[in-house]
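Inspection log for the structure reproduced underneath, given as structure tokens.
To keep things simple, chains are lettered A, B and C as they appear, and every chain counts its residues starting from 1.
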């Protein structure tokens, strides 16, 4: 009889607790129209400026010229070589810097003393322009792919560390106490409490880390000028091949935005 | 015996400095004993010592002021564009729904990479730095302005309507005061990004600021001066953000 | 500030002991010390005469606050101690199902805590604590956040389980009725610094269902405990008022 009484206050059928999937809101056609209009207007203004003769010959190339360069780039194997190099550097940097940042962030957060003493050091360096570390990286790693991966890692490390530390410190103490009462090891606590509790925070941090890693990698490639999309940008600048420069920039931006949107989509999916 | 929170914080702060000092000493020892080459890592004492030379020979003070000055000018431009843009988007719902996400995309995009473009269009001058800085600062300021302008409690909107406020009055007396805390937050974020981007571009293009100094000392292979200038940049950024945060706290307290 | 002073408590195997005291008397501190979550105290905690430092396999803990893992289903929550001990999946899920049945939540194995009521979540926490099969069960006001009726029913249930398993239990509570209903002995604590004011043996027949609540003997025990507790509770109230007055000054 006690069992019946206890299950009464909440629906007796547990299946009723499962939520049906939410329908997505339909796109507003006016928004689409506004965006298309904006793109068309901006393109028109640009093209007008380009052909107006106001600017020195060629520094604002016609969209047609840029499109032609785009086609040439996307059909050249050399381009894909550089693209692969940049993608490789960014991905390695995010993985390396992200993993170190996550591990260090959680572990420092887990120990009161060490965390309180050490984390301010990282917090102080976090908003510094990481570009100033590039000479040190070049001295230590040279001018090849290792240096660029190092730069990307340094860039990616800080947002992930800062977010992981803050996120880990905000985990409800009672959950940590439950693990302590069950004599769980640090690794078990990280796996079963910290990581699941911090998932949204970590994903947000990885998005930010990706953004700064892309910038860091490309700037390093510009400085070292030997490979990658950054190299292509600075090379086309140096040889005054302006439409090509615009084309590479367009591709770079598209990829960066796509990567960001992709992570956004992933975050949405993991949230459910 | 448990320490009171204030004294524990002080103890921790001391320990943090202790760690930094210990790291410095360790580096010094490693370079002196040859474990680390002094052509790769300068002994901390020499790096700190170089600051004097940097002040005199490389006009560190002027360089520092230039970078900071450019940052503030760029921020002012970003505010001049970003706040009205944000207010407009907050006011016109269709515009907001269409373009707020574009601002979000702009915020996460590697805008700094456009600097060669502006070098070509505006030439190798401070104009490029200011325009690039402003460009990078517009998105966060506009986004935060939208957030702030939309955070007005509905009841206040009704009060404004019941008093028959004109659009101008509503903007001045209701929207802007309500949005101010968010706008300050946006300006703080923008300042951080602007400084980072200006130093980065300056490093690559040598326009006379702190970034150029680091690049120049590296190029002439003056290791102590290079580490000294890097240290100076770190200290500048720490001081900069501490001051911004203090300023924001002071402004929002009123 | 001293939370506890001169607390000397012995619990026999199979006993159900309740520790009751006014707010601020240090009962939660005592709970944390025995459970091994706090150190820096003078004294010792011993099991079978052997001192124990830090969380011990023989001690299970049920916390006052909401402590289910929101990202695990009810079944996974209950299975946690077994998973940490390396028990294979099938075996630990079967055992968890048994425990979920024991606390009356059959059918809700795949629900997430967010979909369950507070009382149900607390039952999950209790089932989880039992999963580790601890020799000693420590509970800190497990039913504090629940309404009276749910509390009474859950007390019945818990008592049933503890009696069946002859579980040695130490229950921290502020609720006199709960203390008398469930325990063999009630320890009354004084206000801060917490010390043991009195120990009252509850000589009521078992099993003790909610029906026993109406008996005269029950009322007598409640009265005795309140008599000892009242003075301490007033001290607590007076101290709180003094503190508030000082804050306003």
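Throughout what follows, contacts are C-beta pairs under 8 Å (C-beta built on N, C-alpha and C of every residue); 3 or more make two chains touch, one makes a residue touch a chain.
Keep in mind the model is a prediction, meaning the values are calculated, not measured.
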Seminar exercise, completed: Listing by label each chain that touches chain A and chain C gives none
Seminar exercise, completed: Chain centre (avg CA) closest to assembly CA average -> A
Problem set entry | Intercentroid distance (Cα basis), chain C paired with chain A, Å | 47
For this session: Mind checking the centre-to-centre distance between chain B and chain C? Centres are C-alpha means, answer in whole Å.
Result: 52
Exercise. Taking each chain's centre as the mean of its CA atoms, how far is chain A from chain B in angstrom?
Worked result: 20
Exercise. Contact residues on chain A for chain C in the complex?
Worked result: 2-3, 5-7, 9-10, 12-14, 17, 172, 174-175, 177-178, 180-184, 188, 192-193, 196-197, 199
Seminar exercise, completed: Touching chain A in the complex, chain C uses residues 35-37, 55-57, 59-61, 63, 65-67, 69, 71-72, 80-81, 83-84, 104-105, 107-108, 110-111, 115-117, 119-120, 128, 132, 150, 153-154, 156-157, 160
For this session: Please name which positions on chain A make contact with chain B in the complex.
Result: 28, 30-31, 34-35, 38, 55, 59-60, 113, 116-118, 120-121, 124-125, 127-136, 138-140, 207-208, 211, 214-215, 218-219, 222-223, 230, 233-234, 237, 242, 245-246, 249, 252-253, 256-257, 260
Exercise. Which positions of chain B touch chain A when the two form their complex?
Worked result: 12-13, 15-16, 19-20, 39-40, 94-95, 97-99, 102, 105, 108-110, 112-114, 116-117, 119-121, 192, 195-197, 199-200, 203-204, 210-211, 214-215, 218, 226-227, 229-230, 233-234, 237-238, 241
